[in-house]
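Each of the next two complexes has chain A plus one other chain: chain B in the first, chain C in the second.
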Partner chain A sequence: MIDIQLNGKMVKAEEGEMLLSIIRREGIDIPALCDHEAIEPCGACRLCMVEITRKEWEGWKKHVTSCLYPAEDGLIVNTHTEQVMEIRRTILDLYLARCPNSKVIQKLAEEHGVVKTSFEKIPDADNCIMCYACTRICEVLGRSAISAVYRGHDKVIAPPFGEEPPDCIGCLSCAMICPTDVIPWQDENGVRTIWKKKFDMIACEKCGKEIITRDFADYLISSRNIPEDYFKICDDCKRIDLANKMGSIILQAEEAAL
Partner chain B sequence: MNYRFVVNPSLCTGCRTCELACAFYHTKNKKPGRSRIYPIAHAPDKFVPVTCLQCDDAACARSCCFDALKRNEITGAIELNLEKCVKCRACVAACPFGCALIDEVHDEIIKCDLCGGNPACAAFCPTKALEYKKIEVKAAPARQTA
Partner chain C sequence: MRVDSVEKLDRLRDDYRKAIDTQKKRIAVCLGPGCLAMGSDVILKEFKKVLADKKIKDVTVESVKKTGCHGFCARGPLVVIEPEGIFYTRVKKNHVADIVEKTLINGEIISKLLYIDPQSKKQITDYREIPFYSHQQRISLRNVGQIDPDSIGDYISSGGYSAMAKALTSMTSQEVIDEVTKSGLRGRGGAGFPTGRKWETCAGVESDTRYVICNGDEGDPGAFMDRCIMEGDPHSVLEGMIICAHAIGSRQGYIYVREEYPLAVINLQTAIDAAREYGFLGENILGTGLNFDIKISRGGGAFVCGESSALMKSVAGEVGEPRAKYIRSVVKGLRDQPTVLNNVESFATVPVILNKGGEWFASVGTKKSTGTKAFSLAGKINNTGLIEVPMGVTLREIIYDIGDGIPKGRKFKAVQTGGPSGGCLPEDKLDLPVDFDTLTEAGSMMGSGGMVIMDDRTCMVEVARYFLEFLVFESCGKCVPCREGLYQLYRLCTKICEGEATEDDLESMERLSKTIQIGSLCGLGQSGPNPFISTVKYFRDEYLAHIRDKKCPGGVCRKLITYRINDKCTGCLACLDVCPVDAITGKKKEIHVINTEICDRCGACYAVCTFDAIDIE
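Moving on to the complex of A and B:
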């Protein structure tokens, strides 16, 4: 255990623990869009910027992304200094120009006092902030179906060659983790469409409710060792089945006791 | 894991107090959550309270690709870490008893967490059909000599 000074308060932390998790644990609210427990931090959104210094630095300061900075003994961390807030406001100002239609960005910017962007808005902008949360979560699943393509201004998240991604299993993890809800998907008539690829949904054998995509079920069967029969009926029908099975056992036992 | 959640369906009258207790215990943002327990009638006036069985080798925990489902060694419950959950619904599809659920009100995945060691459903059950009790680990019978 080590000691760090956080906003003037001494707190205990594990050595090497990232500053953002300590800040969150202490109940201090700082914005972070690309951070999620399920994926490795990558410092893409820059909003979790904090100011660090040490006693022996004699007044020198550094601004770092807290999600990527490991805690060390004697570190002095400030999360809401005027300079840090200025950095966050600039980033949000840029985000407002990049994704003017995103509700999440608008709300966050408003909270920081940025109502209107001072930059030129991108015409026909999507809401992607290029935080790579979607590609990182796909990597955790071991699929890597999507990635960033092109460079510079044209950089976008897309499947290879803009075609249907062959490695995608239609699990929706990318769409669910996206902080600005950019990735479009839809479930319609037993078919799920995401990244322009169509997936057959498994329908419950009893009530017809759609459960998950056949490809995702195959992935879980092969890599997670889940028996195939588990995917035949939906959760509602499974509960009724369980009640009926347990009920018949109880009735039999009661009859035998008479 | 000295405690076990014990369900005795023959005592259940189907009053659904457990459902209310569960929903209100898991209130978030001033809205009660979806219940994690359901008494289901299998014959007229015969009910089985269906809830998570906290399986030893749980399909939900195995199916989770992000390690969000972990057993709490103190209470014995498999708990869902909402910070890690991506809502891919693998656990909902994989649970063989249909006890991992989607809470549409709060837009999250839910499963029984035994209320962190004091299940509200058991506390409110008027007939003791649901109980959370200490299980006595039977010691191996002493070998008799002579």
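Moving on to the complex of A and C:
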């Protein structure tokens, strides 16, 4: 265990633990849009910036993204200095120009006192903030079906060549993890559509509810050592079955006790 | 032929030297990028052709050789005849027969091909006496322009691979590191990190695998120092890398070169093949037990891939995007292994440091910036080209003594050092010594050594706009301040150039710049606002002229200028003919008039007028 000073208070932390997790644990609220527990941090959104210094730096300070900065003994961290707040406000201002219609961005910006962007709005803006959460989760799943394409200001998240992504299994992880909710998908008549690719759904043999795409189920069965019949019945029906089974066992035990 | 001991290498060097000494005359044809573009390869062929059917004393076809860049690109194509150092400039194919006939056979000098010093108006025969060369001191460029880059024999005979032999056979790894540390060498890529300290840290990290990477991804517009070293003296880079491998304990090195430098790729590969054949690369180098090999990694030419962490990703085959370097790459670099990454020029300097000693190197230059630095001079300067000077010389010496000042008698306005990430310095900074710390303090930076000189017909707002556009295009797009911030900065700068900005916009740009500098992930973003910050610092009145008066003092920004014909007009009709929108009217021998309503300010008339009769307001 090491000691760091966080907003003037001494706190204990694990050596190498990222600053953002310590900040969150201490109940300090700082924004972070590209951070998620399921994926490795990447420092794209820049909102979790904090100021760090050390006694021996003699007043010299620097600004780092807390999601990527490993804690070290004696570090002095400040999360809400005027400079840090100015960076966050400017970044949110830039986000508002990039994604003027995003409710998440609007709310966060307003909380930081930015009501209207002072910059030129990007024409044909969508709500993507390019945080890479979707591509990173897809990589974690072992598919890497989508990625960032082009460079700089033209960069977008897209499947290869803008066509139906061959490696996509329709798991929806990208759509679910997206902080600004921009990846469209649809389940209709036993078919799921995402990234313009269509997937057949497996329906529960008992209740008929759609559980998972065929491709996703096959991928999990082959790569995660899951029994082949695992996806025949939905979780709800499995729970009902289990409850019924448990109930009958208890009933039998009670009868036996009598 | 394998050279497996130092004795063998020494014998080989003696043999090569003897062979060269038998050639009484040597004709070096510059095949550097500038001369090559002007057709020096044709001249080389012509020499070979003419000499093939002639019997001349002391001269054979072998006496003619191609070399890398001589540096004096403004006067190319260049041909140098040694040992006299006869320096022929602007040589054309049809001069070759003359040179052979007059100079090689009869020993006459062809005066029309000589350089005329603009100050003394005297012709200079020996290039060593031309101010462009006499003010230089060449360490990293020592062989560039002197040897045939394809010949390992040329390199060995000029002392090549002797530093490697010395390091491998008589110095421990620590002794090599100590020598480099003593030399005070700082990274020539621009950031100026002490090379010795970098090597020492890397050597100290616990790991079985360590990598040596040479950064040849020179991307600054107007910079071509590394290119000329890779093209003109590739073995010096290899030798520096082998010495580094010995110092840190590495088995594998990479040279990252951009695909836009095809000749550099070819020459490096030729050099690597030759070095392997001689046993300077591969297993058991010089019989010392060191195993080290080098591979070329070709980049697609993205500017951001010159940034160390993006470069390492690109070498590993991933998308070239930087990562946060809170854990440094000497600890966790290529494929998460400790990695030393140095610039081409740094590696090319290392052999000299080992041969002449760290103390000698430290005695050149200034206390904190030791040695020499190569620069490429481009833009509005008479002597465009490649130079190397001791650290600490002033910008004025570089621009006026070596560069011979501004063409057409125009006035100097600014010099940009450090490429797009650097800054523009005005005339009152010309007496600053050129070293890492002084340039940074002045709001620019050393960078890799590109120098772009601008005259009074340059608009500094437009310069900032141009470089911001470059950076917006080259930003990798990973983090917001760089991707969105630089774009907005560029848009606002464009607004100023179009005369539609207010002073609030200027203030907003200054605020935004601060956030981009602090908030960006890598060096590209952090230094991205520099073109704006340095120009607004030194040329604020120009910005205000655009904003308040809707005028462009440099006469560049189309929307803010008017072309008018003054009474120097002779009525020659030249401008009238060239105007694409027929905005000019007038009769022969009468003063012409530009209709400013129709004029689209393309500048064609200004370019074509030989009577200085067109004013830009």
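Everything that follows uses one rule, which is that the second predicted complex is superposed on the first by the 237 of 258 C-alpha atoms of A that agree within 3 Å, B and C clash if a C-alpha of one lies under 4 Å from a C-alpha of the other, contacts with A are read in each partner's own complex, and residues count from 1 in each chain.
Here is the rule we go by: a contact is a pair of C-beta atoms (placed from the backbone, for glycine too) under 8 Å apart; a residue touches a chain by one contact, two chains touch by 3 or more.
Quantities reported herein were computed from a predicted structural model and do not represent experimental measurements.
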> After lining up the shared chain so the two structures overlap, which partner does A:239 touch, if you call chain B first and chain C second: first, second, both or neither?
Replying inline: first
> Which holds for A:65: it touches chain B only (first), chain C only (second), both, or neither?
Replying inline: second
>> On the A-aligned overlay, A:104 touches which partner chain: chain B = first, chain C = second, or both, or neither?
In response: neither
> Should A:85 be classified as contacting the first partner (chain B), the second (chain C), both, or neither?
Replying inline: neither
> So, does A:76 touch the first partner chain B, the second partner chain C, both, or neither?
Replying inline: neither
> Now for A:171: first (chain B), second (chain C), both, or neither, which partner does it touch?
Replying inline: first
>> Let me check the overlay on chain A: which residues of chain A are in contact with chain B and also with chain C?
In response: none
> Can you name the residues of chain A that touch chain C in the complex?
Replying inline: 42-46, 49, 63-65, 68-70, 83, 86-87, 90-91, 94-95, 97-98, 118-120, 129-130, 132, 147-148, 150-155
> What does chain B use to touch chain A in their complex?
Replying inline: 9-10, 38, 40-43, 46-48, 50, 59, 62-63, 65-68, 81, 83-90, 92-101
> What does chain A use to touch chain B in their complex?
Replying inline: 36-38, 137, 140-141, 171-173, 176-177, 202, 211-212, 216-217, 220, 224-227, 229-231, 234-244, 246-248, 250-251, 254
>> Give the list of chain C residues in touch with chain A in this complex.
In response: 302, 304, 319, 323-324, 326-327, 472-481, 483-488, 491, 508, 511-512, 514-515, 518-521
